[in-house]
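By written order: A, B, C, D and E. Residues from 1 in each chain.
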Amino acid sequence: MTVLSLRGINKTFGAVAALTDIELDVAPGQVVAVVGDNGAGKSTLVKILSGVHPPDSGTITFEGRSVEIPTPAAAHKLGIATVFQDLALCENLNVIQNLFLGQEIRPLRLNDVAMETRSWELLRQLSAKIPSVRVPVAALSGGQRQTVAIARSLLGDPKVIILDEPTAALGVAQTAEVLNLVERLRENGLGVIMISHNMADVKAVADTVAVLRLGRNNGVFDVNEVSAEDIIAAITGATDNVVSRRAAREPAARGEAAETAQGGQL
Amino acid sequence: MTVLSLRGINKTFGAVAALTDIELDVAPGQVVAVVGDNGAGKSTLVKILSGVHPPDSGTITFEGRSVEIPTPAAAHKLGIATVFQDLALCENLNVIQNLFLGQEIRPLRLNDVAMETRSWELLRQLSAKIPSVRVPVAALSGGQRQTVAIARSLLGDPKVIILDEPTAALGVAQTAEVLNLVERLRENGLGVIMISHNMADVKAVADTVAVLRLGRNNGVFDVNEVSAEDIIAAITGATDNVVSRRAAREPAARGEAAETAQGGQL
Amino acid sequence: GSGSTGGSTGAGGAENAKVAFLMPDLASTRYELADKPLFEAKMKQLCPSCEVIYQNADSDAAKQQQQANSALAQGVKAIVIDPVDSAAAATIVKTAQSQQVPVIAYDRPIPATPADYYISFDNEKIGSLIAQSLVDHLKKENAEGGILQVNGSPTDAAAGLIKKGIHSAVDPSGFKLLAEYDTPDWQPEKAQTWVSGQITQFKDQIVGVVAANDGTGGGSIAAFKAAGVKVPPITGNDAEPAAAQRIIAGDQYNTISKPIKIVAEASANVAWEFIQGKKPAGKTTLYNTPSELFVPEVVTRENIKQVLFDSGIMKAADVCTGEYAKGCEELGIK
Amino acid sequence: MSALKEGAAATDRQDERLRDREGLRGALADVVERARGGDLGVIPVVVGLVVIWTVLQILNPIFLSSANLVNLTLESAAVGIIALGIVCVLLVGQIDLSVGSVSGLSGAVLAVLFVSEGLPVWLAILASVVMGAVIGWVYGQLFNRFGVPSFVITLAGLLAFLGLQLYVLGTKGSINLPFDSGLVNFAQLDFVPAWLSYTFAVVAAVWLFASGFLHAQQRRAAGLSAKSVSTLALRSVALLVVLAFVVWYLGQTRGVGWMFVFFVALVLIMHYLLSRTKWGRAVYAVGGNVEAARRAGINVKAIYTSVFVLCSTFAAVGGILAAARLAAANQSSGSGDVNLNAIAAAVIGGTSLFGGRGTAFGALLGIIVIQSISSGLTLLNLDSSIRFVVTGAVLLLAVIVDSVSRRSRTSHGRA
Amino acid sequence: MSALKEGAAATDRQDERLRDREGLRGALADVVERARGGDLGVIPVVVGLVVIWTVLQILNPIFLSSANLVNLTLESAAVGIIALGIVCVLLVGQIDLSVGSVSGLSGAVLAVLFVSEGLPVWLAILASVVMGAVIGWVYGQLFNRFGVPSFVITLAGLLAFLGLQLYVLGTKGSINLPFDSGLVNFAQLDFVPAWLSYTFAVVAAVWLFASGFLHAQQRRAAGLSAKSVSTLALRSVALLVVLAFVVWYLGQTRGVGWMFVFFVALVLIMHYLLSRTKWGRAVYAVGGNVEAARRAGINVKAIYTSVFVLCSTFAAVGGILAAARLAAANQSSGSGDVNLNAIAAAVIGGTSLFGGRGTAFGALLGIIVIQSISSGLTLLNLDSSIRFVVTGAVLLLAVIVDSVSRRSRTSHGRA
């Protein structure tokens, strides 16, 4: 059974067809990686699932029921939590305020102490290196912000978590923590959609890989039955691509890269 | 001889000491990778070099002369081009306008045609997947924006190029192109400072690796004489860290990651 | 109670006394140009050591209240006030009288709470005078058609009185009132725009325009000039130098000259008496207040020389400049 | 009392890049550091205010007299309350140009219902306030439905409600409110008895200490750093001294007006709502980044509507008080510079026109700056032309002092 | 003629997700698509204008008469020029509240120098304009040096220059400009001869075609897609028809006033500066993201200064024309709603108050909307209370039409 499934999703922006006829299925306890080139439409898909944009057409089924997700609030209500690629933080608010935005503890007399305690817990869990949680998010580094955005999605009690390039700005330790986290989420039976450009991360934690290319489905693979080269070929649309050429041209670099892989980040 | 060298750079934000006593040297034709955990102060360093923030103290030597870089315009004039982590694009302007911002062709009667032609050239060179260059940058995907920011730094005739996590949002093909680009820049004798969390990229293109930790220098390594584990140990401050633990815990993932490395992205 | 004025101010406090002179707005230039200097001069003459606190409320009743309060905080011995809002000024009277400071209503009455004295010419009367003068002129010329009426600001109480006066003369005159307009903030530009519109609408039916002051009158004239049609007789009010020039040049039909000197000096006299602890008696009683009323005089091309120049209100040198010199010569103004 | 292990740093103090700041000395060092960093809250406005007061006092020694300051407090209330509403709309990055007209209309409606129609005063007040709320609700609907910029909506409102005000007042033009009515008394003559004023001051200081102490205790129990008892005590003693001095000095003449107390109470309530409730958080979030707020599941439209309603309601309340203070409603009530003064008070008090930054106290301080200038120049007996020039210059001076002390903000990287 | 290989798509048309849009049909489809996407430029304002005109014409058939439209054009010029300056400051995300005062002061200075001092008119004009520029420069310095919000700087300016205006007019209060002076003639009675108006229309159309054609040719030579000749021809024929009709219709009475031509010429110049020069790019960049602009090496302070100078200069020019049109300078020139009208014109013309979005043409359209409402209601002979209400309602209506047609913008993801 799937917790979330999409059929025939279309979305155009002006003259650009960003998504054409997209299908996607996510089961509980499954990690689906969505990969694709820049501008392939991954984030657009995420935005449709989290109620930011309505799709032009297509159906979304959530826990067996066909649903509409007109607003982000509707997505929250269904139990879909999202980490957006652009993070969607309020720069004028501090870390605690951003973490609990929309889900404050004790709405009529905010419980600062409880919120601060919980913030530190979450951030520590993600190995965040944030000196103070009382500074506005505008003063944080890129990776610190991303950590805040990820921590935020863990509040509440979501059924599906969508991570749009969650580790793009993260350091090696934080990336490892996020991958651990994804695995814990899977163990807890949540559906996870993870978008990433990093094949190593994808292969490390995903169960299925869905490839988008120029706004269309370009294959869904079981992660154990596909090599990184095949995925890259599906992404770029050719087995002879700049990645493979670069790999061929630099056997030394290749060897080292392979060695580094054991470092875990890739 | 160095083209750029820093001594004793300090910078505090309020109660946080973001940089303490930083040293760094870049020679022409050399690629220096600056690595460090989230919030280690890498971007702060970049901002100091590109005139965004003045340092609290310390000296900057450029081509043998001691210089001050009070404004970004001064950095441009010296020949320092920067790709910022937050990209610093104007969302209301379109791709061409952003690319040529501040260095338009024919200031009193803009030469649209020349600028558009040159834009397409640059973008093609970076394998960008941008359907139209006449849409505002607000309508681009994260990776598309990053490509625009990188393309912009190639205009003009810089002597030093600083790339702050240039491949964070890029697809596999675009990342490979950027790595190729960095190699070409080195061949042309430019000094390159590249910030990255991706050890594979670092090992693939860098000559030297400078590690920052909590705002302090934590070692400068020749890239051929150091392993990814050592770098990660320097970044996290411990050889036993979440990355190594994760690597140890998942031998399967490790093997696969190593294999994937040949795909080039990592 | 208004009876409380005398006692507390002995003759000893009369020197170095302060008196407040509170004027309502800047829409008309007269307060700053005429009333204030004349009042100050007379006061200086009566009591060289006294100080006049002048304030202009810029058409804001609340600001006038603030000004009165601050005058009281400075310990004035009398307040001369031209209320922005005759009704709202009751508060000022009450506050002042509760601190034993007498209030002299200047130019406009304060009906709700009797002040201690009232000196004025009457705005309603002004409206009816300028309108009547125009109507008489039109009848004499056997003009046929209608009249436009340009009133003052819709948020200005004085403008309301003038409007009422104008109606009292225009309505029974037999000339059709083609249209009327409350000019926001007394702005000449607004008057010009409106009159321009009416010119396209009524074309040559317009035989005269009653404008409530010289500024709006000037705007109306500019509208006719700009439309390239003949300028009909247009009224004004306040006798500004610019209006005098237009009358001399034949562009404006009339304006009205208020005997500001007389009124200002009379009020200075009254204030001085109050300061000395006396209680001056009025010539008449209006609104339960001892009062003194003066009659303004309509100025047209016929009598401008004698009313404005021979009396010394204006100097030929200021008015008969450039293109107006010829007109002055014709009228014998030197 | 503390769950903190001896020697271990509090949870929020463990990053080694943080300089140590404990106890009273730490708190002081913190203030100095924040001053250097340009993060001063309302301190710069206070500095600006002190400068203006000094200048004006030198120019006319009556300025700081008790009688004049009592006037100042009373004159601040009506426009100050309107500015409080403006702070709310500015916080979400919108504007309301119609507060002047709405206040004028509200005064007119009050006068007509109360005086001409003879309704009980509470009913007339209620009707005016409800009318204000309805106007705000309409603004909210127009804004949310059609996406018309609030500048234009409220510009249309400015005109329309000015027209309605004239219409409601009709041929009368001006309506007096009876002097002996409770409302007029409240705005003109009701002063807090001295003993009660001092009680207020003591209660405020005790409350500040008690709440701070409880909060600090909770934080320590949760293993977080907290203000030391001495810091807290110092703070509330300072408050007590300031308040007691103010009460004593104003008490030299008439004392503290109930209307001013009402205004301050509203400021405190708004401060609570903005800083300690979910709604307030949402307001700041919408002003900072409306798309982020929407994605966080906040009902952005409801927030906009609530803020417009609040603003118009405050405008109506301000209009009622203005009418009460003048004991009359007339055609020019609310026109003139009410709009500009209210917006300027908010901006001078540190509220950003771009949204997301500002406090309720800003409205209080801002209006006091503006009324001080206006009252100070009133005392100076200047020609109108000079008065305008000087007003402009002094205003600029006040804000330059403010901005210069905020200045380091950008050079310290906080744009 | 074209470097494009047969069959190959133009460089900018190669992405397979782009729908094909070539030739005339393609251009039309493009417009429809952009309309659906909410990216309409000034079309919504034009629609709003048409709606208002229809309503007003129904209410009073004189409204669209040639004579009234001639008035409309002349009345638009002065405030329209001021609005043009406001567009510039709004584009960088700032505001200028003092344009009214500056225009009043400039009129006063002109009148004093020209009439009272007897200087030649060109010198008096020059002095006023230079004064405007200096004021803007001072604003720029205050803004750049001290970082005071432009709202407050220009509020101070509003007061100070109002005072100066009163001071300059001094004892006179009101100064007549001679009706037979060239300046007053220019503003009141000088109309373009019919033959010259038609020549203008033809030149404009030919120029539109020629420049479009050359540009298209260059693009084709560079391998980029370009508008087809038929599209270009259609566009310039349409322009010709519209212009010729306007000229003909206004020519039924007095024709096209030189003052209006002057205004339109300024709009065209500003359009060129904003859209085709490096400076214009910098203005939009600063308005869109000042930090990004700074990092791109743009001299942000110089841009702010230039924009404030432009705005005050335009305000001074507008003030001169307003004085010329009234043939007098007086104390209330520039007060009242000049500020609000100028800002509203810019906003209605699609300029964002938050910076980075807007065009010079917006000022033209916006002021025509505002003057249409004011002129249309002027003809209706309403009570002033009703007039205010109706003005507000019509203004709202115009802008709702505008906003609704822009509406789809957000739902299509362009915030």
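Brief remarks follow.
The rule is simple: a contact is a pair of C-beta atoms (placed from the backbone, for glycine too) under 8 Å apart; a residue touches a chain by one contact, two chains touch by 3 or more.
In this text, all values refer to a predicted model and were calculated from it rather than measured experimentally.
Fewest steps needed to get from chain B to chain C, stepping only to touching chains, is 2. Computed from the mean C-alpha positions, the centre of chain B lies at a distance of 46 Å from the centre of chain D.
Between the CA-based centres of chain B and chain E the separation comes to 43 Å, rounded to the whole angstrom. Centre to centre, using the average C-alpha position, chain C and chain E are separated by 39 Å. Within chain A, contacts with two or more other chains are made by residues 13-16, 129-132, 139, 214.
Residues of chain C found to touch two or more other chains are 26, 32, 154.
Taken residue by residue, chain D touches two or more other chains at 15, 17-18, 162, 166, 291, 383-385, 387, 413-415, whereas all remaining positions touch fewer.
Taken pair by pair, the chains that touch are A-B, A-D, A-E, B-D, B-E, C-D, C-E, D-E. For chain C in complex with chain D, the residues that touch the partner chain are 26, 32, 51-56, 58-63, 65-67, 69-70, 72-74, 84-88, 90-91, 94-95, 112, 154-157, 160. Of all the residues in chain B, the ones that touch chain A in their complex are 13-16, 36-40, 42-44, 85-86, 127-132, 135, 139-144, 146-147, 165, 168-177, 179-180, 197-200, 203-205, 214, 227-229, 231-232, 235-236, 241-247, 250, 253-254, 256-266.
Residues 50, 52, 71-73, 75-76, 82, 84, 88-93, 97, 100-104, 107-110, 112-114, 116-117, 120, 129-134, 136, 138-139 of chain B touch chain E in their complex.
The part of chain B that touches chain D in the complex is made up of residues 13-18, 53-54, 214-215. Residues 11-12, 15, 17-18, 215, 218-219, 222-224, 276-279, 281-282, 284-285, 287-289, 291-299, 356-357, 413-415 of chain E are the ones touching chain B in the complex.
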